[in-house]
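Here chain A shows up in two complexes: once beside chain B, once beside chain C.
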Partner chain A sequence: MIRLFHEIVAFATWYNAVFLVEAGARTLLLSASGCLCGFLLGFLLAVLRHTVGRTLLPLRILGVLYTEVFRRIPFLVTLFLVFYAFQALNMDVPLFWIAVVSTCVIGTAYLSEVVRAGFAAVPRAEWDAATTMNFSLFQTLHHVVVPQAWRTIVPPAFAFFLSFIKDSALASQIGVVELAYAGKVFNNRGLPPSIAFGSVLLAYFVISYPLAKAGARVEGRLALSRAH
Partner chain B sequence: MPYLELTDLSAAYGGKTVLAGVSLALERGEIASLIGPSGSGKSTLLRVLVGLLTPSAGCIRLDGKAVDIAHAGTVRELRNRFAIVFQQYNLFQNMTALRNVMIAPLKVKRWPREDCERDARRLLAQVGLGDKLHAYPDQLSGGQQQRVALARALALRPEVLLLDEVTSALDPELVTEVLDAIRVLAADGMTMLVVSHEMGFVREVSSQVVFMADGRSIEAGPPAQIFDAPSTQRARDFVGKIIRH
Partner chain C sequence: MGYTPHFGQIARYLPYLCGGALISLLLAALAFFGGMVLGLLGAMAKTSGGPWLRRVAGAYVTFFTNTPALVQVYFIYFVLPDWGIVLSSFSAVLLGLTLNAGAYLTEVQRAGFLSVHRNEVEAAETLGMGRWQTVWYVIVPHIVRTLYPPLTGQFILITLGTSMGAVFGVEELTGRAFSVNADTFRSVEIFTVVGALYVVVTIAASLLLAAVGRGLFRARMGVFG
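And now, the complex of A and B:
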C-alpha cells in the first residue's frame, strides 16, 4: 500500500500530467472531429439516397455500397486501409490525421444509417404531401423532415460518438499517441501497470462520463419536448 | 373539349397492376366522383394525377394538350394545377395549422408573406377553424385536421381539387363538418375529382359518377343513372349492396 503511494507520488510529475492531458485531448479531438465529419458526410449520403431520377443513380449505388461495406469492416482494418492508402499515394500525412480520416470513413457509414433511420421515422404521408405540393427535396428536408427527424437522430448519433471515444484506442496501433498509447508509454517507462493503465482508465472516465451525462440530459429534453 | 381527359390509363405498383385502363372526362367546374369496391384503383388514380405514381400506359390530356407525366417539369406543372387532400390528412406535424396552410404558397410559390398569411387565415376561417390557427395537428380532432388539410390544398389555388376518401378516417360525427366544407366549395364551382364512400354525398354533389372495379372504369354517367339504373352487372351488384346496407 505504501509502495503504491510512493509510486503515485513518483508518477505525479508535471511532465506526466501534460503528457496524459495531451493524449486525452488527442483521443477526444480524434473522436469528435471524425464523428462530426462523419455526421456531415453521413447526412449528405442519407440525402443522396433520397434523390430520384437516373442521373444520380450511380452515386446512389455507390453510396449504398459504401455504407454496407464500411459498416462491416472493423475500425482497426479501416485504420490500416487508410494508412496504406496514404502510403500508396506517397502522401506524408501525420498519423493523427490518418486516424481522423479513418474515424470519418467509419463515422460516415454508421451515421448515414442513423440519419436515414431518422428520415424514415417521419411518416411517408408527410413526404407525399410535400411532394404533391411541389416541395423540392431540400425544402422537404428543411421544412418538414429534419425538424422532426432530429429527435430520432440525436440519441444514437451521440451514442456512436461516446462509443467511439473508446474505439479510438485502436489508433494507438498505428502509433497515434492517444490515451491507450500513453498507457503503453508509461508502462514502457517502467511504471507499474496499475499506475500506467489506471491513470489512462481514469482519463477515459473523466472524458466519457460528463459527455454521457450531457447526452442523457439532451435525450431527456428530447423526450420531453413535443414533436414540434 | 373536356378540361381533363384520361384515356386507358394504366399503372403498376410493385409489379402488380393497380390500374388497368381508366378513361374519364372532366369539364371545368364539374365534380366527378369515383366509386367502387376497395382495391378498385380509385385512390391510385388520384396518386397518378399528382405524380406519386407513374402510369405505365394511357394518356392524360389537360386543356386538350397531352401530358407527359414521366417528365419532371410536366409533373411539377400538373401539381401546380392539382391539389390533393389525403384520407389521413398528411399534415406536417411540426407546424401549426396556420403554418401548414401557408408553407407551400410561401416557400414553393414564393408569394408575398402577407398574402400567404391573409389567405391562410381566411381559408381556415372559411372551414371553421379561425380559432385554431396556432394549434398543432396533434391538438386537433380528425375532422379539424382534415379541414386544415382542405384549407392547405385550397391555399395553392388549384384548378382541380382531388379528394381521396377524405372522410374515411373520421368518426361518424365528424364527417358532416368536412362534407359541409366541401359542399361550400362545390357551390363555388370548384372542379373536383372525389373518391368517396359517402354515397349520399356523392349523389348530391356530383355531376358525374364513375364506377370503377379491378383498376378499370366500368361505367360513367350522371348520379341518377349510376345509382338508379346502372347498365353493367358489376355496377348493379355494387350499388345493390350499398343500398341494402
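And now, the complex of A and C:
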C-alpha cells in the first residue's frame, strides 16, 4: 500500500499531467471531428435514401450497401484498411487524419441510420405537402423536416459520439498518440502497469461520465418536450 | 498512385482466415453468454436488490460503460500478473470482453424487466395463477420476446469487438489478418477480404438469430436496417 502511494507520488509530475491532458484532448478531438464529418455525410446519405424516382436508384442502392457493409466491419479493420489504402496511393497523411477519416467512414454508416430514423418520424404526407407547395428539397428539409426530426436524431447521435470516445482507443494501434497510447507509453517507460493503465482508465472516465450524464439530461428534456 | 491489387496471392490464405472467423465467433459467443449471466445478476441487483447491491451493480455498469474495452483488457493483461494472476492472451481478452458485455447487458436486461407491466401480473393473478406460474408463463415469455431483438444486436457488436483480440496476439480473424499481412505485405487486399469476411459472418449470424427468434419466440425482427 505504501509502495503504491510512493509510486503514485512519483507518477504525479507536471510532465505526465500535461502528457495525459494532451492525449485526452486528442481523443476528444478525434472523436468529435470524425463524428461531425460522419454526421454531415450521414445526413446527405439519409437524404439520398429518402429520394424517390428512377434516376437516383443506383445511388440509393449504393447507399444501402454502404450502410449495411460499414456497420458490420470492426473499427480496427477499418483503421488498417484506410491506413494501408493511403499508403498504397502513396499519400503521406498524418496518422491523426487517418484515424479521423476512419471514424468518418464508420460514423457515416451509423449516423445515416440515425438521421433516417429521424426522417421516418416525420409523416410522409408532410414531405408530399411541402412538394405540393413547390418547396425545394432544401426548403422542405429546412422548414418542415429538420425542425421536427432533430428531437429524434440528437439523442442517438450523441450516444454514438459517446461510444466513439471509447472506440477511438483503437486508433492507438496505428500510432495516434491519444489516451490508450499514453497508457502504453507510461507502461513502456517502466511505470507500474496499474498506474499506467489505471490513470488512463480514470482519464476516459472523467471525459465520458459527465458527457453521458449531460446526454441523459438532454434526452430526458427532449422526451418531455415531445410528450407535450 | 497506380497501385495494382493482387488478390490472387492471398487466395490460399482464405481457409486460414475463415478459421479465424470461427475463433472470432467462439470468442463472441463465450463473451456474450458470460455477459448475459453477469447482466442478469446486475439487472436483478439493480431492480430488486438492497441499497448496497444496487450501488455495487450501478458502479460496475458506470465504470465499464464509461471506459474503453481496449484499455480494460490492457489493465487485465498487464496488471493482473502483478497480483499473481497470469492469464493467456485469449483468456485476458475473453475476461475483458465478458466484463464489458456484462455491463451493457445489465442495462439491456434491466430495461426488459421494467417493460413487464403491472397489469399483466395482476391479470395472471386474477386467472388464479400461482407465483411461479406467473413468472414462467407470463413474465419470462414477455421478457424473452422483448429482449431478443436488442440482444442479437448486442451479439453482433460483441463479435465486431472481438477484433481487438488481435492487439494481444489472439489468433482470431483480425489477428490472422495481421499474420497474413506480415507474410505477404498485400495489406490492402487482406484487410478488404477480412472486412468482407466480417460482413459475411455477421450477416449469417443475424439471419440465423432472426430465424431462431421468429421460430421460438415469435419475435418480430428484421435483419437489416
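Just so we're on the same page, the second predicted complex is superposed on the first by the 222 of 228 C-alpha atoms of A that agree within 3 Å, B and C clash if a C-alpha of one lies under 4 Å from a C-alpha of the other, contacts with A are read in each partner's own complex, and residues count from 1 in each chain.
Here is the rule we go by: contacts are C-beta pairs under 8 Å (C-beta built on N, C-alpha and C of every residue); 3 or more make two chains touch, one makes a residue touch a chain.
Keep in mind the model is a prediction, meaning the values are calculated, not measured.
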{"item": "Overlay on chain A: chain C relative to chain B, clash or fit", "value": "fit"}
{"item": "Chain B versus chain C as contact partner of A:Ala88, first or second or both or neither", "value": "second"}
{"item": "Partner chain(s) touched by A:Thr131 [first = chain B, second = chain C, both, neither]", "value": "first"}
{"item": "First, second, both or neither for A:Val176, with chain B first and chain C second", "value": "neither"}
{"item": "Partner chain in contact with A:Ala157 - chain B first, chain C second, else both or neither", "value": "neither"}
{"item": "Touched partner set for A:Val185, first chain B, second chain C, both or neither", "value": "neither"}
{"item": "Partner chain in contact with A:Ile106 - chain B first, chain C second, else both or neither", "value": "neither"}
{"item": "Chain B versus chain C, judged by how many residues of chain A each one touches", "value": "C"}
{"item": "Vertex chain A angle, Cα centres of chain C and chain B, expressed to the nearest 10 degrees", "value": "100"}
{"item": "Partner chain in contact with A:Phe197 - chain B first, chain C second, else both or neither", "value": "second"}
{"item": "Which of chain B and chain C A:Gln139 touches, first, second, both or neither", "value": "first"}
{"item": "Superposed arrangement (fit on chain A Cα atoms) - minimum chain B/chain C Cα distance in Å", "value": "20"}
{"item": "Residues on chain C engaged by chain A in the complex (per definition of touch)", "value": "1, 3, 62-63, 65-72, 74-75, 78-79, 82, 156, 160-164, 166-167, 174, 177, 187-188, 191-192, 194-195, 198-199, 202-203, 224-225"}
{"item": "Touching residues on chain A, where the partner in the complex is chain B", "value": "53, 123, 125-126, 128-135, 139, 143-144, 147-148, 226-228"}
{"item": "Residue numbers on chain B that touch chain A, as the complex places them", "value": "50-52, 72, 76, 79-80, 82-84, 86, 88, 90-96, 103-104, 107-108, 136, 138, 156"}
{"item": "For the chain A and chain C complex, residues of the former touching the latter", "value": "68-69, 72-78, 80-81, 84-85, 87-90, 113, 166-170, 172-173, 179-180, 183-184, 187, 192-194, 196-198, 200-201, 204-205, 208-209, 212"}
